[in-house]
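Some structures are shown below for you to check.
Shared chain: chain A. Partners: chain B in the first complex, chain C in the second.
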Partner chain A sequence: MAQPQTMDQAAAPEAGAQQATDMTLSVFRGDATAGEEREYRVPVGPGMVVLDAVHWLQANVDSTIACRWNCKAARCGSCSADINGHPGLMCKTRLDDFVGQVVHVRPMRTFPIIKDLVTDVSWNYKVAKQIQPFTPAQPAPFVMYQRDVDRGQEFRRCIECFLCQNVCHVLREHSGMDRYFGPRFMIKIAELEMHPMDTADRVDLLAGGGGLGFCNITKCCQEVCPEHIHITDNAIIPLKERTADRYWDPIRRLFRRRRTG
Partner chain B sequence: MATPATVPAPQRAPKGWKLPWWVEPTATVVALGSFGLYSIWEVFFHTTGRFGNYLSPFFSPDVTAWGIHVIPAVWVVWVPLLFRASCYYYRKEYYRGFFADPAACARPERSRVYRGETRFPLSLNNLHRFMLYLAIVVILFLWDDTVRAFIFPNGFGVGLGSLIMLGNVILLSYYTFSCHAFRHLVGGGLDCFTCRARAVTRYGLWSRVSAWNSHHGQWAWISMFGVWATDVYIRLLISGVLHDPRLI
Partner chain C sequence: METGMDSIERFEYDVLVLGAGGAGLRAAIGAAQDGVRVAVICKSLLGKAHTVMAEGGVAAAMGNVDPADGWQTHFYDTMRSGHFINNYRTAEIFAKEAPDRVFELESWGALFDRTPEGKIMQRPFGAHTFRRLCHVGDRTGLELIRTLQYKGIHCGIDIFQEVTTTRLLKDGERVAGAIGYERESGRFLLWRAKAVVLATGGWGKVYKVTSNSWESTGDGAAIAYRADAELQDMEMVQFHPTGMVWPPGVRGILVTEGVRGEGGILVNAEGRRFMQDYDPKRMELSSRDVVARSIHKEVQAGRGTPHGGAWLDITHRGAEFIRRKLPNMYDQFLHLADIDITKTKFEVAPTIHYTMGGVRADPETCATNVPGLFAAGEVACGLHGANRLGGNSLSDLLVFGRRAGEAAREYAMGLTVLPGVDDGEVRLEQERVLRPFAVEAGENPYQLHAELQQVMGEHAGIARDGASLQAGLDKIMALQERAGRIGVSGSRMYNPGWHTALDVGNMLLLCEAIFRGALAREESRGAQWRTDHPDELEDFGRINFVEYRDGDTMRLKTYPVSPMPPELAALFASDVAPGLATAPAVGPAAGGRE
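So, the complex of A and B:
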């Protein structure tokens, strides 16, 4: 572990300024080939979040620290990281929740590291391309009742921070990217499948390449979602039930055959 | 950019006391393990769960009335056991507690081949809906037992046991009818809630079940402890340790 660098090395407080509390930030520095955590002392003010501290380091200690961010308001989903081992948005994680602790900031473990806190999340966009897009029964615009779009609107709150993908143990611990699309794309499929105007069928995809069966519904995706989307209860489990309708329920299958046949 | 050097130290209290990650899985193992051991003792070492007009939920329906006297509870408990074992909520708890798969969110796991619920026997969890159908039948028997618990040899009455059985069956009903499979059955499988007259009715049902479903985990635990408490009470009555107070 590298020796802590303090603010004295960079920018000393102005004369007469009230002394701020210092905290130690241990930030991963490195790339896909090698890296280690380095400790920095950061002065902490009220309401400061982890992203503020990283920005302070960039401005005052080391401008080469790489970090992806855009809005600093939990809207863009760019600043996802592992903070003290737990996936979270750096812009939404307050430093005063860690008083007396070293704050370890690492890139998302599930995705390949590009540099420092920046990971390559392009796998997600490749997965997105495998999902049949919205296929409406008639050209837009549609007239729909609110109750018919409520479910989809919950899923559309997703900001694609990929924290759910990061915490999903199928992807994170079992390298299941070749078998399971992950929670983010389960809500994408649920949104499309539950849309009253959509005509496409993605149940076979779920049971096959989508890998829905790999999810063992331990709800971590739901716990970390910064948008509080009920990923497991409102998307994954209903999709499991729809898959069971087709593959595990001979009674339903019989009724379906009678209707179509 | 924040201006940290000119502001006072943080005043906000930390957001609550966070339990260590191992507390939840350990509590699950202790609670479910204890209940499992108690259930084995109750089922295999007792031939009756009846005390007067009270019947233990472990022995309902009362198969001895149908001429089955060999370990009567075994013929009953497999339904609630499999219903709970395939329950979406309990799956989360036992995958975390017993399989450490994962033990807690973002915790490292042992390296091994992971198949999730794609292979036997865990793939059988997909049959949860059939366990639900059977559990609903058991609930009907439990409601029948509860009504009988208010009918004493001298007519209507209320004993402490009657109230305990009533509380138990209410908790079990909430647990059963807040089930994710039931939510899907009543309306969750529809894409359009307004396209047909029947779909509008189903939307109402789905909304109600969804409200119950948001507390399914709580119902799961409370109802399990309710069954436990009811059985313990009746067992203590049978063994003569307790006397059932009549309230009315």
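So, the complex of A and C:
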């Protein structure tokens, strides 16, 4: 309220003192060269999330623990991590889901480690630049109806937490960063391709450098999306249909062969 | 421990933009034309800036839903809510240009919610006469930043991610660039530049209960002040009426005004819709200062909710409507508080949201008093006066981000050579930044941050009085002393303790400015409520308080508020908003009920 002398990150456990219990957090500590998990005891109050616990450790135990975060409200997509083997946002993962367990917090697995919970996600920003931006025939204002923008709006909910990139088999198990843009950028392309006013064509990019063909639709990306975007069903599969139409439709293939001689 | 001076990587640009929220990105896009070399420095990853947290919408009088709306009415609402210490010319430019800036976003790929006629949908919001906020559900800020981000990366701009700027460099009076460090490695970087645009946002993190993300530590305002820029209206800090209250970990997280815009009502512990006692005309959609104060008064009178707030109830709009128009709110309460807002009312209480004050900027060009330094967005001051209207922040970023970027470009093109950099000054700054590593058993930066937040909550909250403000200022000055002895451990690699140590120094400076302004303004106006001076006084309505540096001492002076020209002043001749006066047949939408 007006005199908000109550809880901040550091004091949160005290605030709910009557219900506070201790939990063990096992946090990865290390850098690109080496590292291991280290165990810490953390007092836990009602409603605390994993990010609160990491902040408590920074303020009270070791101020060098590195983690990314911004909003603490699941809007910015900065605090992605691997929590007890499940990829998720630290700000949205409640500690009371793990009562009686040790909570293992590790960095995302697919990206190179910088330090502790912070990974190098710069590859994603390089991919983003390779996609032709929105290209309308004329400037706004546009007449577009809600039904025309519903699908695009679903994709634009993306908070770029890169959890989908993190679990993508092509990127994770097969180190396919040189061949596939990954689910995040499939929905980016889908959003542009499905925009009623866009005039560009990204199908060749999808079939070529974008590497859409490498996705074998395991839907892991869709399962971890904190924004519940139907990445595979609503973006990747329709995009695969578009590329298939152009590249594998037998009649079109015939025409293309004739053109290219 | 690394205390020795080391190498510094140097870069040269025409325009350097500090900050990659809405204002910074829009400025960079505006600057990057005609071969002008532009760099953007951001403290976080690109696209994570505090702009993503904006929820309700972007205010622009395009009249898609209420055709009687126009720039005059938007101007009128903005000035009235700012209690007339805003710069009228800033507000005029703003109201006139906001619609074009929103259309521009649409041209760059933004997908706003639509009206049945296929236009951009506009929703009602507090103290806006008409339905005016273009929006995308309750994630409008994300839409804005993502659109600018994906426009920006194709404009040939260099982007430095996760880099903190610690000092502006000057060549005589003129800005000459900036110095900073990479958060990842702790390595120093130096950018020489002809012009610098400050777009670093506000300093909501000086309070504990805040809707602001970690970045909002006011670095830009602090480094501008140290480079002799003037800070204005620093006492004006906005309490958003509705932040989350329970559980403790989420206290302060924003509950969008869109909940009230879409029909949500506020009730006290006795079940009374109490806004009828404070503003019967506008009810829940009164201005933020009024609603926040009303909730505060209800709690003080013993009519608060179990955790010291008010109930907000939107269940009557139905589950499907709520999930479609307020999806993030639905998700946020379900996940973080175990509350289904489609089925039950929930607790809200005021939370720090926005800093109206900041670096005094020119209405036309966003130029500050330091040649070559421009300011736009929350760090700048001039548009909002004593209280910001919801939705005006996002259009502020666009209108003045563009103007700052273009003015910086023109200024830079007018200089034939890069201003010089003094290596001695650079070395001193490196020493200052690295000093915490050399302090053995020093003060804990997190502890100091917690203490300064405690002081601000206790002495610079919603209700203020002279004696308490003076006591708060004394405590802040004592904390500034202790901040000189902050010590940190570990290496320079991604070291949050070290980052916080530098943030705390900036925040303490801005706390001092808030107290000095609040003490000097011996009246109540907008966000500033002095219980010992409860009335709004005409004399104070004619001045802005400005803080500036005199050696190591902060001084206060006043500037007169520029009087409006007759044609604008005439808009306020009656108590009726211009759009309502000229077209009374079109019903008012204020109140937002359908």
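The criterion applied here is as follows: the second predicted complex is superposed on the first by the 231 of 261 C-alpha atoms of A that agree within 3 Å, B and C clash if a C-alpha of one lies under 4 Å from a C-alpha of the other, contacts with A are read in each partner's own complex, and residues count from 1 in each chain.
Going forward, a residue touches a chain if its C-beta (ideal position, glycine included) is under 8 Å from a C-beta of that chain, and two chains touch if they have at least 3 such contacts.
Keep in mind that what you see is a predicted model, and the values were worked out from it rather than measured.
After overlaying the two complexes on the shared chain, residue contacts for A:Cys220 are found with chain B alone; chain C is out of touch.
In the superposed model, A:Tyr145 lies in contact with both chain B and chain C. Once the two complexes are overlaid on the shared chain, A:Asp52 sits against chain B and chain C alike.
Within the superposed three-chain model, A:His195 lies in touch with chain B and with chain C [touch as defined at top].
Within the superposed three-chain model, A:Arg246 lies out of touch with both chain B and chain C [touch as defined at top].
Applying the stated touch rule to the two superposed structures, the overlap between the chain B and chain C interfaces on chain A comprises residues 7, 11, 45-48, 52, 59, 94, 145, 148, 195, 198. Those residues of chain B that touch chain A in the shared complex are 1-12, 14-15, 88, 91-92, 95-96, 101-102, 105-106, 108-109, 114-118, 122-123, 126-129, 180-181, 183-184, 188-189, 191-195, 203, 213-214.
Of all residues in chain A, only 7, 11, 13-14, 17-21, 42-48, 52, 55-56, 59, 82, 85-87, 94-99, 109, 145, 147-148, 167, 169-170, 172-174, 176, 180, 193-196, 198, 211, 213-220, 223-224, 233, 237-238, 240-245, 247-249 touch chain B in the complex they form. Residue ranges on chain A touching chain C, taken from their complex, read 1-8, 10-12, 15-16, 31, 45-49, 52, 58-60, 63-78, 92, 94, 114-116, 118, 121-122, 125, 128-129, 133-134, 136, 139-146, 148-149, 152-153, 156-160, 192, 195, 198.
Within the complex formed with chain A, the chain C residues making contact are 44-50, 52-53, 103-109, 111-114, 116-120, 136-137, 139, 141-143, 146, 150-151, 153-154, 159, 161, 184, 207-209, 213-215, 239, 246-254, 296, 299-300, 304, 308-309, 328, 331-332, 335-337, 349-350, 444-447, 450, 453-454, 457-458, 461-463, 488-491, 493-497, 500.
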